[in-house]
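In the two complexes that follow, subunit A is the common piece, with subunit B as its partner first and subunit C second.
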Partner chain A sequence: MRIGIPRVLLFYRYYPMWKAFFEALGLEVVPSSITNKEIVDISVEKSVSEACIPIKLVYGHILDLKDKVDFIFLPRIVGLEYRTYMCPKFIGIPDMIRNASLDIPPIIDPTIDKRNSLTGFFKSFLELGRLFTKNSLKIIQAYTEGLKALKSYNEELRRGITPLDILDGKNYGGEDFNIKIGIVGHCYEIYDEFISGGMIKILNRLGVKVLSMEMIDWRAILREANVLPKKLFWTFGRELYGTARYFIRKGLVDGIIMVVAFGCGPDSLVRELIERDLTKPINFPEITITIDEHSSELGLITRLEAFVDMLIRRKQYEDNLSSVW
Partner chain B sequence: MKRFLGIDVGSVSTDIAVIDESGNLIVGLYLRTAGDPIKAVRDGLFKIKSQFGSDLKIDGVGVTGSARFLIGAVVGADVIKNEITAHAVAGLHYNPKVQTIIEIGGQDSKIIIIRDGIVVDFAMNSVCAAGTGSFLDHQAQRLGIPIEEFGDVALRSHKPVRIAGRCTVFAESDMIHKQQLGHKREDILFGLCEALVRNYLSNVGRGKEILPPILFQGGVAANKGIKVAFERALGTEIIVPPYFSLMGAIGAGLLAQEANIKESKFKGFDITEQDITTKGFECRGCSNLCEITNVFIEGKLVARLGGRCGKWEDLDYTSSL
Partner chain C sequence: MKITYPPFGDARIAIESFLRDFGHEVIPPPPSTNRTLSIGVKYAPEFACLPLKITLGNYIESIEKGADTILMLGGIGPCRFGYYAEVQRRILKDLGYDMDWIVLDLSNGWMNLFRSIKKIVNGNSVIKVIKALRLAWEKVLALDKIEKISRKARPFERYKGEVDNIVRETHKKLDQAGSISQVRQVLSEYRETMDSIIDEDSLEELVKIGIVGEFYVVLDHFTNFEIARRLGELGVWAENAFYIEDIVRIYLPLFRNKDIEERTRVALPYIKRSVGGEGQRTVAHTIEFAERGFDGVIHLSPFTCMPEIVAEGILERVSKDYDIPVLTLSIDEQTGLAGITTRIEAFIDMLKTKKRRRMAG
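Coming up: the complex of A and B.
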């Protein structure tokens, strides 16, 4: 039996775990193609127009898997930590897909909710495994395999390698560049190269090493966000704020690029918060890139190039200053 | 004396500047791109050639603007840079004390914040193109006023009307509404200037510390109405440099000079007489179906543009023919 996993949303965060889990249960795992024009076009056609581009792309990736697999895995991710929620579209996406009359294989949508769970993902995966075997021991073994795969994936990421290097055979950011930029955005925006316009590749070409939240310990990021007087409602918002603060406070990067999907409500607020709280008060270099369906690379290149030029000139200037003093 | 050529190929205008090594303008041209950047550049270079002769020696070429990759390949550029850096360099050259540069061009608008001669922050208009040169062009045309007279007419206004500047479509329907109510043309035009400035300050200039001296560059700086509207909104003097419309090209030339080029890749003024053609095709290498443009000079392939994966640019041009 073959199970398809669309290359969308939290794919670049959890794919190794899901793959190891299903394979240990004896399933063949098929990821959808890397986003291409065809997938984008069909997504825009089939999806609701008010969704952001990452959500729209789920439609295209599901259709890409349509004739290749027996089931499609599209988890309903409700919460990843105590008392915060995922974006409502993440929670609703399996229903949105089911009701879009797409003529697709059955969708498997376990609810993943760690808000009040003491055992992490375990309960969700136990229920998920039951769909394929009655043998609980086998499920527990598969779950352990999944956790192991996730752990070694995360260890690799912490060394500064991007998910694309590990999963898609790219070679980004292995080199040691002089300028470092932290991208503050979600993995499904940064690492979907169609959505991000190949941002990492462009930055590499400009001699920039790229860091993202995947390369930092997740708990450390969330702790960073705990300084806020009121806990943000969205896990994603906490992640963005925490990442930006971590990058700046630890002096890991020369500048920050915030990636915001056009039409994303929560991000538009968090973006403003990061700017007012973290970057503006100390004049930390920051630029916001808004992403949508457009495919013209030029506007992106212009902004990134100008931003990098600014960082280089600033750095030269500061180096000159410190040598004088 | 060394000479550097700077070219700024924008959506609406193509500007060409020849500067000497200390950045003084020797010749500057402002041309309409009119949908054909290659032709615009050739026309411009032809004019320079007729004025100075084809043996005018060029020691470095810088190209900027939205067609910079295409034109860079055609003329043989030494430096290909984005418009923000080019405008900042030119602004700083004109006034080393500048702290803010406002640049409004045909299709986009920028703000550049400079402190102690270093760019510390910038912004460009995001998804929306409301309030750029093309919009003013279009509205002037609709009201039957040549764009050159737009500013002068607007300045005759005593009681400007309020027009929504958030969106081009709303602005236009607002304008029509005011016009049908019998408001004077100059009041509508100045209202439009104020709307553009309001939109610029709240969108591009949002959260930026706008300190004097402020330079106003780009084609729209020719519009005195906009300049005055900026001065009223900011309560300070706005400086429009003498070559405001050529600042991008001058900046590109300065960047070429700064790059310290030993031997320029400039293809020479002969390209004005050569046959330059482009031919597009769709790459079927993957499902991205990129539209690739081949650029030929005298039938010889000189560049390929437009591929997403980069394989077409990296190809050995002659062997792939």
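Coming up: the complex of A and C.
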């Protein structure tokens, strides 16, 4: 039996775990193609026009898998941490896909909810495994395999390698450059090279080392985010805020690039918090890049070049004082 | 302490009533206008949803009138509403307005909630608090009835604006009413006047539209371009899926009852889990209207509203399964009245043709 995993949303975060888990249960795992023009076009046609591009792409990737697999794995991710939620669209996406008249193989949509349980993912995966085998021991073994895969994947990421190097065979971020930029954005925006316009590649070419959330210890990020008087209740919001604060406070980067999908709900507020709390008060260089299905690579290059030029000048001639003073 | 609050629709009358009863000096936010909107848009984050922008504009206009304290709700949920107060607080602070915020929010712990409530109660005795709450609640119920009846009466009004005038007068009287019996008195007078306008026999011939969607846009007349009035003038009987009472029951745990959950149950085949905000309820209410034999449904949402986008994706299927036309209007500061009117008129023409054909057999 073949199970398809669309290359969307949390793919670049959990794929190694899902793959190891399903393979240990004796399934063949098929990821969908890397996002291409065709997938984007069909996604835009089939989805709700107001949704953000990452959600739209789910439609295209699912259709890409349609004839290749027997099942499609599209979890309903409710929350990944105590008292936090994912964006409502993450919670509703299996329902949206199922009701979209797409003519696709059955969707497997276990609810992944880590909000109140000490057992973490285990409960969800136990239920998930039950669909394929009655043998609980086998499921537990598969789950352990999955956790092991996730752990080694995360360890590799912490060494400064991007998910694209590991999963898509690219070679980014290995070298050490003079200018360092922290990208603050969701994994499904940065690592989907079609929608991010190959941002990491462009920055590498400009002589910039890219740091991202995946390279920092998760708990350290959350600790940073907990300074907020009212804690953010989106898992991703916390991570973005924490990452930005970590980068700035530890002096790891020369500037920050915020990547925001057009129409992203949580980010519209989180971005505001980062700007008002962290970057503006100390004049820290920051640029926000909004992406959608109409973004062009040329526009992106121009903006990134200008930003990097500014950082270089700042570093060479102005020390830590901006020209405002 | 000069207190103000985010108004939505007619609820302002009830909110003001109980704040006044507690002995606060209330600065009611001036009615929302295009100025309110442009102030909000100017200072709010670009992609924030419309209610955040409008309420921000409301605050600034109230501050201009001298308010120094803001009453607001907060919470935890996937919807952005729970974080409004935090973002708005920062924006106002950066603008130089140092406001005192009273945020009713359980997520900051019981102590904080208790402290906020204490500030609102303002040292009044328990009896007085209960009395004020009961009066405010009675006003909420009355406001909802006034709104419901006006929807029914508008298609029959003898001259344009007749119903609006009566409603405005009644709201004024309701605002002055100091006891429950006075509220009931106002309501029964209103009922009598309206009964003389409504032609019960031809009610069935009217095109009936259900309005579903995000609560602020559905209930705030300014935000939704007074859609109910416009529909009424076009000879349509438009009913909301919910009124102020339901929203209070949904968002304030104190008033919660089982009906709310019962009503969402019909949506489960389509959307298995609540996605925050009104997402799941929107689907449920659309099904409910279809089953009640309504001719069509108008779905209102603020642009980029996350739960409503999920609902929109599902409504397409519901519309097919239950054979009920659905028009989604997503509203932001760019939305123009002409665009909305054109779409509504076209939608109603379609419904009228459909209804005529069905009645002819």
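As a working rule, the second predicted complex is superposed on the first by the 316 of 325 C-alpha atoms of A that agree within 3 Å, B and C clash if a C-alpha of one lies under 4 Å from a C-alpha of the other, contacts with A are read in each partner's own complex, and residues count from 1 in each chain.
The criterion applied here is as follows: contacts are C-beta pairs under 8 Å (C-beta built on N, C-alpha and C of every residue); 3 or more make two chains touch, one makes a residue touch a chain.
Nothing here was measured: the structure is a model prediction, and the numbers come from that model.
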| item | value |
| --- | --- |
| Combined model on subunit A where subunit B meets subunit C, clash or fit | fit |
| Contacts of A:95 with subunit B and subunit C, given as first, second, both or neither | second |
| Contacts of A:26 with subunit B and subunit C, given as first, second, both or neither | neither |
| More subunit A residues in contact [subunit B versus subunit C] | C |
| First, second, both or neither for A:302, with subunit B first and subunit C second | first |
| Subunit B versus subunit C as contact partner of A:207, first or second or both or neither | neither |
| Contacts of A:230 with subunit B and subunit C, given as first, second, both or neither | second |
| After superposition on chain A, the shortest CA separation from subunit B to subunit C (Å) | 6 |
| Contact residues common to both interfaces of subunit A (with subunit B and with subunit C) | 262 |
| Contacting residues of subunit A [partner subunit C, same complex] | 47-48, 50-51, 55, 76, 78, 83, 85-89, 91-96, 99-101, 111, 228-234, 260, 262-269, 271-273, 276-277 |
| Of subunit A, residues touching subunit B in the complex | 33, 36-39, 198, 201, 262, 275, 280, 283, 285, 287-288, 290, 292, 297-299, 301-303, 305-307, 309-310, 313-314, 317 |
| Residues on subunit C engaged by subunit A in the complex (per definition of touch) | 45-49, 74, 76-80, 82-83, 85-87, 90-91, 94, 105, 107-108, 270-277, 279, 303-307, 309-310, 312-314, 316-318, 330 |
| Subunit B to subunit A touching residues, read off their complex | 66, 69, 81-85, 116-124, 126-127, 207, 286-289, 308, 310 |
